[in-house]
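Heads up, the thing below is written out as structure tokens.
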Amino acid sequence: MLGSGIIKGLAVTAKNFVGSYYDPARMTTVEYPEQPTVLPENYRNFPFLVSENATDPMGTLRCVACQICEKECPPQCIIIEKSKDKKPDANGKMQLYPAVFGIDTSVCMSCQICVEVCPFDAIKMDKVFEIAATDRFLDLYLNREQLAKPNTYYHQIHPEEAAEVDGRLTADRKAAEEKAKATAAAKAAAPVAAPKPADSAVAPKPASPAVKPQDEPRRLVSPKPGEGGSPLGEGGPAKSS
Amino acid sequence: MTPLHLCLLISTGLFCIGLAGALARSNTILVLLGIELMLNAANLNFIAFWRFGPPSPPANGMIFVLFSIAVAAAEAAVGLALIIAVYRHQNNIRLQDATRLKG
Amino acid sequence: MSPASDSYLERAPLELRDWLVQFLPEPLQWLAHHLITVVAVLAVFGTFFAFTTIAERKLLARLQNRLGPNRSGLPWIKGLKLWGLTQPFADAVKTLTKEDIVPATADKWLHFLAPVIVVAFSLMTFAVLPFGRNMIPVELNAALLYFFAAGAATELAIFMAGWSSRNKYSLLAAMRALAQLISYELPLILSVVPIVLVAGTLSTKAIVLTQGYWTSGFLPHWFVFTPWGLAGFLIFIVAALAESNRSPFDLPEAESELIAGHLTEYSGFKYALFFMAEYFGLTALSALGVTLFLGGWQAPCVFLEFIPSYLWFMLKLIGMIVFFIWVRGTLLRLRIDQLTRLAWKFLVPLALLNVGNAAFWVLSAHWAGPLQLVRWAVSFAVIVIPFVIMGRSLTAGFAPRTYRYAS
Amino acid sequence: MTTALILIAILLLGSAAAAMLRRNLIHSALLLIASWAGVAAFYLWAGAEFVAFAQVLIYVGAISMVVLFAVLLTRQNPVAELPAEPASRMRALTGITVAVCTAAILSAAILSSKFTPAADTAPQTSVKQIGLELMHRHGTALLIVGVILTVALLGATILAATDAKEKPEDRP
């Protein structure tokens, strides 16, 4: 009969009404500021700089001010100035460091391209979204000190990804150390009579660890062979060999 | 001058405004509205005489007006439907263009 | 009259008014008397409007398993939320301080006049509603006619708003609104005619008084408890939903098609006026429904008469509005052709039949004993059988929708 | 009492005259509605409440809507808004002259006639009385008006309806 559907519908909503007071499982609302939601693991928003050590964030930035991200950034929200001097990095190698590193979050669109292009795993995506400020120019421009966050924080927000990155970095470091040892041993073992050919033979080799990380992260971050990974992957070995 | 005089003068004014509109304007809708105004002027007279005129059977003037309003409503409905029909045929509603009865 | 009708609480508002008036000189007393009534009606229903909006939002939320607004508290006390009950005042401050934007090509005068007219006329309808025993702002012989006449003028304001905005969505929505309001005015008035027929008067006060009896003390003689009254009430509710542009008949404001309908080009205070008028219209129609069908300010049982009549009226009014909100939270919007079809092919014939039904009821008033049962049975049959038959033809060819891919 | 009447008259005649003079049809229609409302105010002034409410309900509520719909459905093309040609200006002049002459004759007739002084209060007419009058003495007329209205409604619908065939997908 006409109208029976209306009555059924009214019954459903009446049940909702009563149930909403007795059955908290019905309510999907999360009362946000008091009751923060758990963000999914893959949530990402605005980049930050990874530093190795929480006690001395500025001294242990992974960033070497190569400025790739600055050039790649589509909305051009990254500003980097290279330092004049060099500092030892985590591997003990002398590297440049960013004297100025700023991200204008009012411009940043969280596209993650800076992360994908970084050869040193120095810039990663953060999980912050409550960055509202009263000054839309100065307060939304984050400088080096505000951007630097320790690696432990990275582990906290993206545990799986961070573990993978760390594993890769330590592997690289080990390989570099072994290579360094090998070259040192080779140097020691090589006859003093023929320094020139030995130098020319060894010279490309120390360069290869520096080249390798440049390719490796790309392959790992974008594992799909179809897009972007393969041409770069091919380009890498061709250069190093 | 009694209130009745005043009422009758007002209704004369309304009637003549309606008449002028019905005769002078070339837009069919306005002509129809002018006729409506003339009808209203007549109703005004009925009420004026009911109120101030000599004693009559109770509510006579009111009943006249009620019938008049009902007929005016019918007239407006049919008139405007005719206007829409005419518009559909010749794409405008100017009175002087509606010279044919055949669509 | 029972002693309850003369209790202190019952007389309190009127005596307060008389006490206030007596301080004024004689010639001003008449004016003050009416001014106080107007101010009281405005204050009560203004507050009622404010709390209807918050009640609507909270109820709709609960009907859909949400929480609804629960944040706004008092401005100078942090942490006190008051279940969001001060939300309407926050909204009022917001709308009043907003910029008033008038489109450059708009017809300035009509654009300004439309909200004024709509509020003025929707408030005028309150003048003839009996809010309690002896509490009626204006006692008119033709009160019902007045109510519908004042209500009819709001249609004009909607047209003015739509046309003067120079916005095609506004105009389309205004035309839709007009088509809808004209279509549903007929069933609305026809559903009221049986009441006039049985009560023999157009005066709302007298109509309430005719409903003021009880069978054996607890069965009220409200019109809704007769077959024709029930049918009339249902038709009235459907028509009132459409007249006040509420879901499921909120086509003029179908935001998915027409943005905000005729309100698209309105902002700030003018928008607030339209919003207010809409709720005033809803409240007035609900109050009319209460007055005509639910016994007005009469208590449902004799022993409940100690509660003052105006409270009974308010309770019934709140009940009606809650029901309207409930319907809004449940039903989906109709299409325009379904809407007009429902009015002309279903509600109007049914309402006309109901008028005949009420005439039969009046003619058979002297039937007694077993004939009473026959009277009820015939009256029910006259309305239920056409309902079923017409409902069949209206829903012919429809079946519950089946979804092939979604479970 | 007379002041109120004069105010009502100004509203009534002013809006009617303005309505007939405006070029914008919608403005004309709305001003005319104001004039109809003025007529209703006159009825209220004269003590004919019932007729006043009926006037508002029917004229302001119903006829105005039909007029506005008609105005919007018959959109004027720009050609029709050209300045009036001499013939129609002539016609307008004649029309106004005729109206003014009629007004003069009628006014002279009204002012020269004597009426018996009226009663101070309006004749008491309750709604019930009107209803009984309508049903008894004027029953036939009521029936005829009902038939006229029904026929007019049907006729208007048929006249204004389009001949377009209903497409099957338009069915619900």
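For reference, chains read A, B, C and D in written order, and residue numbers begin at 1 within each chain.
By definition in this document, a contact is a pair of C-beta atoms (placed from the backbone, for glycine too) under 8 Å apart; a residue touches a chain by one contact, two chains touch by 3 or more.
Values in this document were obtained by computation on a predicted structure and should not be read as measured data.
Ranked by how close its mean Cα position lies to the mean of all protein Cα atoms, the top chain is C. At the far end from chain D, in terms of centres built from Cα atoms, lies A. Contact analysis places B-D first among chain pairs (by count of C-beta pairs in contact).
Separating the CA-averaged centres of chain C and chain D is a span of 30 Å. In terms of their C-alpha centroids, the spacing between chain A and chain C amounts to 61 Å.
For the pair chain A and chain B, the distance between mean C-alpha positions equals 82 Å.
In whole angstrom, the spacing between the mean C-alpha positions of chain B and chain D is 5. Chain-to-chain contact here is organised linearly: an open path runs through the chains from one end to the other.
Contacts from chain B toward chain D in the complex involve residues 1-10, 12-27, 29-30, 33-34, 36-37, 40, 43-44, 47-48, 50-55, 57-63, 65-67, 69-78, 80-85, 87-88, 91-94, 96. Every residue of chain A that touches chain C in the complex is listed here, in rising order: 1-3, 6, 9-10, 12-14, 16-17, 19-21, 26-29, 31.
On the chain C side of its complex with chain D, the touching residues are 110, 140-142, 145-146, 148-150, 152-153, 155-156, 159-160, 163, 171, 175, 178, 182, 185, 200-203, 335, 337-338, 341. On the chain C side of its complex with chain A, the touching residues are 59, 62-67, 326-327, 329-331, 387-388, 390-392, 394-395. On the chain D side of its complex with chain B, the touching residues are 1-2, 5-6, 9, 12-13, 16-17, 19-20, 25, 28-29, 32, 35-36, 39, 42-43, 46-48, 50-51, 54-55, 58-59, 62-63, 66-67, 69-71, 73-74, 76-77, 79-80, 84, 87-88, 91-96, 98-100, 102-103, 106-107, 110-111, 115-119, 122-123, 125, 129-130, 133-134, 137-138, 141, 145, 148-149, 151-153, 155-157, 159-160, 162.
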